[in-house]
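By letter and in written order, the chains are A, B and C; residue numbering begins at 1 in each of them.
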Amino acid sequence: MDQKFNELLETLSGLDYSGMYESDFLLTWEKSEEELRALYATADALRNLRERGISTRIFDSGLAVSLFRDNSTRTRFSFASGSNMLGLQLQDLDEGKSQIAHGETVRETATMISFMADVIGIRDDMYIGKGDAYMREVANSVAESYADGVLDHRPTLVSLQSDMDHPTQSTADILYLINEFGGIENLRGKKVAVTWAYSPSYGKPLSCPQSLITLLPRFGMDVTLAHPEGYDLMPELVDIAGKFAAESGATFKKTHSMEEAFEGADIVIPKSWAPYAAMEKRTNLYAEGDDEGIKALEKELLAQNATHQDWCTTRELMEKTAHGQETIYMHPLPADISGLSCEHGEVDADVFEDHRVGMYKEASYKPYAIAAMIFLQKCKNPVETLKALEAAGKDRWYQA
Amino acid sequence: MDQKFNELLETLSGLDYSGMYESDFLLTWEKSEEELRALYATADALRNLRERGISTRIFDSGLAVSLFRDNSTRTRFSFASGSNMLGLQLQDLDEGKSQIAHGETVRETATMISFMADVIGIRDDMYIGKGDAYMREVANSVAESYADGVLDHRPTLVSLQSDMDHPTQSTADILYLINEFGGIENLRGKKVAVTWAYSPSYGKPLSCPQSLITLLPRFGMDVTLAHPEGYDLMPELVDIAGKFAAESGATFKKTHSMEEAFEGADIVIPKSWAPYAAMEKRTNLYAEGDDEGIKALEKELLAQNATHQDWCTTRELMEKTAHGQETIYMHPLPADISGLSCEHGEVDADVFEDHRVGMYKEASYKPYAIAAMIFLQKCKNPVETLKALEAAGKDRWYQA
Amino acid sequence: MDQKFNELLETLSGLDYSGMYESDFLLTWEKSEEELRALYATADALRNLRERGISTRIFDSGLAVSLFRDNSTRTRFSFASGSNMLGLQLQDLDEGKSQIAHGETVRETATMISFMADVIGIRDDMYIGKGDAYMREVANSVAESYADGVLDHRPTLVSLQSDMDHPTQSTADILYLINEFGGIENLRGKKVAVTWAYSPSYGKPLSCPQSLITLLPRFGMDVTLAHPEGYDLMPELVDIAGKFAAESGATFKKTHSMEEAFEGADIVIPKSWAPYAAMEKRTNLYAEGDDEGIKALEKELLAQNATHQDWCTTRELMEKTAHGQETIYMHPLPADISGLSCEHGEVDADVFEDHRVGMYKEASYKPYAIAAMIFLQKCKNPVETLKALEAAGKDRWYQA
């Protein structure tokens, strides 16, 4: 048995994550710290098997259903990859983006796609107050159809980004950090700047920064959230961040200065997002079908953004951090890169290039994050199953 | 060996369905009664294996090609599911909806997609006189290419709904009834109302009611077909329904009163459809590219529909049936539900809710119906193969 | 062991094709003659196993990513089929057709789709000077991400048609000829007419004829390239054709007369293409977003085409060939057939029908061509692996 793999299984064995079996993965703050630790160990264990060429298939057949209500390349491929390595075939439900379905339609569609679905992955991040609610409606629908004897098993859900959280992204982010710093314990006391950044585009989701501030403090990281006035996140999630920080003995600070957040940071994660209040307004305009109102709001928000072009990560700004250019700069990608993908953006091209390989590695954890979520939700005995997969040693890629 | 499974194999062993091997499944009335019984037993046997967690894969690799010339979520997922449980990967041929291909184009395309296709599923229900004809053209094309030595095997076809029949739906319907009534023999003498219902939309396919009236009488069910004057089905299929009823000693009646059809019924299946003559006209207008004519016809048909808003299933109407609110109400879904999905529709919301779980169960048989069609068309010895699958007992979903 | 299979393995054993492992397949003229011979033997060996019902899966899971920047049915299905027979699941990256991505975007996207991709297939044939360059950018990107430790393996690339070459088509073409003539040695001295043909449509790719003139002379075939004045191919590829002919002792001639090319030919391959200079101009107009210019160019080219309607294969013209109507007529399909798919086209309907079965057989080799490219790029020991697959004798399609 591989030593790293062995250590991961030992870690897993010491944790209580029994609540994850046959559950869903929608919001990290609904998961216990042990469940999250189990998730990270499982993701690393699956990666370990895969990189040693050992098959991680637990499904001989079965479907992984995806429903993307927003464009996606990265997450789509990550879901396809994570499902495929477990043996599931991707089947996309293309409902169109504009539709906010509810009630009978959701219940019926959720059931109709689930007769042989083992997992359902949903991305619904565009409408504040709607994305997570929609996922819960789907989750309740399939639970009900299972209870009614319509479904012979209940497919589990994985959020591929809602209006509130982006758990597969934040799991990839922390897996990257765990592996960079040589263990989750080493994250304690690290200072992280989660900051807004200028973008020439409009309406980027809040779920990325929200997923970070609600997760990192739980493992003892000192988080500073920075954004211009008016660019608030959902207030209840900022509260959760503070509460988690208090519980773990970490700090959670807010500021309206990017520079202040960068000061002494070990890790900086600057990214654009839209103001919460504006997104709430937009959701209502969409619900009313008010196209004129949407256009007016867009114009207003772009003008508001434009007054904050100085929120850009430069090498000069990086000098303020704990390790200068060596400090970890993260981004879920794609980034708006000044002088490359746009005139003024979230980050200067030289800083982006300095940290490009790191960001690619960060992204590389997402398929494993998704696979681990599915694995823990579908396996009653994850440790035994991982052991059995290693013992079987079936080639993923056969070579005589 | 599981007792239910054992019984199903015994049933299968007593039937002659040898004609299904390497054949297609386009119209149920082209199949013998024994072939249909074999289909139902096979579907239940595959479901039995699946629900016991036993792999039903007979294909190590291979493609199931789908061609949808009309929107579909339910049937698309059912085809994906049914194919996947046998080990086939879905590959969709997206030709666009408006095109009525024929001749060289059909032969060429059919061959080009078939080099590694084991099965081809087609939905082409919009144009009267065209859908089934198109499927036969595809079937003949691949047969010819096989005979010519171009294909090393002949992919078999499954109709996923034509202008004439909707065999995967009617198979799901009767499987539901067989399982509800505890055996196909118990369907004999049951009174079924296949009736038109009002819908605010236009041009729903005739193949749903046609698939029911041509199938249910074969198993001794007494069918009453009801619709307003002018909403005729294809006359040759109504003739077939009568002929089958006569052969099995059942009754087949026609009426222009929904109430009369409901009178004493054990099962009611009300659903909207378009008048045959209008659909024929529409097909010609499409062929001529007469957009104005299509719009005018649509307007005319909606107006004609609107005079029949009383064709709606209410609790009051359900009282006329044999078992009142307990009588089975079926619908292939999605239904137009009054006060829920539209102002006036096919069914009242309370009746729909009373029977929702039943309709979901009805739908749950469709993936198995499709899998069984493919199974019988691709397996020379279905009984032996099913036995071998059970004996192998490979986990569909591995758990250590 | 099957005799034919045995012979193919013996052929393979005598060849040096070690350079193909972990390499890409973009241009046939970058491959050695031995590598090409190995490709043909491998394609035939995989076909032999498949036709004997023996599984050719070497992947237990894994993704084959496709990126089509031009419409495609045939090549799309061939890639799906070839991938599927090796055990890979197709995952399409739908980037939209109009976009010519470059730089950071290509590197990032290439990496993001590759975390679990074993192979990437790209079709990018519309823009002269761009297609092959784009593929190289993707190839370099994934190589870099592998070197950087971002990817744990490097996915290999297969060109599904570029602006320069169409290697999966030309491989299918030569496999058809090898099998028709009973061996690659029998191609030597055969006279092939690669000629332009009239089409009422505009801008057909140059890569088809270019792939033929650069490949066939390498195996001793005497190629005559014919087209009207002004319909030049890329000059450097015409030079390569001449060089290969000189090396193998074959002849390579150019003419502006279709009749002259047909004179005494054993094989004729007439197909429309666009003039090189015009395609270069079009690429620039697209880059400039000059819609008016594109429309004007299209009009001009259609008018230019129209002066060459006599470049059509007729039975009369076939009489000029070595074997009259028995001479092999090839086309990658779909063809513009006079009186069938258009008024005046590339070929008369009777000639097309005479040779239809042959063209279908020609096409049937494409999935195997693709599978063989992937196989040789992913297998360190192809001979041993093929032997092991045969010895394992796992059913592709299980029958009890």
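By definition in this document, a residue touches a chain if its C-beta (ideal position, glycine included) is under 8 Å from a C-beta of that chain, and two chains touch if they have at least 3 such contacts.
A quick map from chain label to UniProt name: A, B, C = Knotted carbamoyltransferase YgeW.
Remember, predicted model here, so these are calculated numbers, not experimental data.
Asks: Based on the touch definition given at the start, go ahead and assign the chain network to line, ring, star, complete or other.
Replies: complete
Asks: Using only Cα atoms, superpose chain A on chain B and state the rotation angle in degrees, rounded to the nearest 5.
Replies: My answer is 120 degrees for the C-alpha fit.
Asks: So chain B and chain C: same face meeting same face, with over half the numbers shared, or different?
Replies: Counting which numbers both chains contribute, under half are shared, so the two copies meet through different residues.
Asks: Could you please state the distance in Å, as a whole number, between where the Cα atoms of chain B are centred and where those of chain C are centred?
Replies: 41
Asks: Would you mind listing the residues of chain A that make contact with two or more other chains?
Replies: Answer for chain A, listing residues that touch two or more other chains: 57, 89.
Asks: If you look only at chain C, which of its residues touch chain A in the complex?
Replies: My answer: residues 57-63, 65, 89, 91, 93, 103-105, 108-109, 111-113, 115-118, 145, 148-152, 378-381, 384-385, 387-388.
Asks: Would you pull the chain A residues touching chain C in the complex into a rising list?
Replies: 50-51, 55-57, 73-74, 77-78, 80-81, 84-87, 89-90, 333-334, 337, 340-341, 357, 360-361, 363-364, 366-367, 394-400
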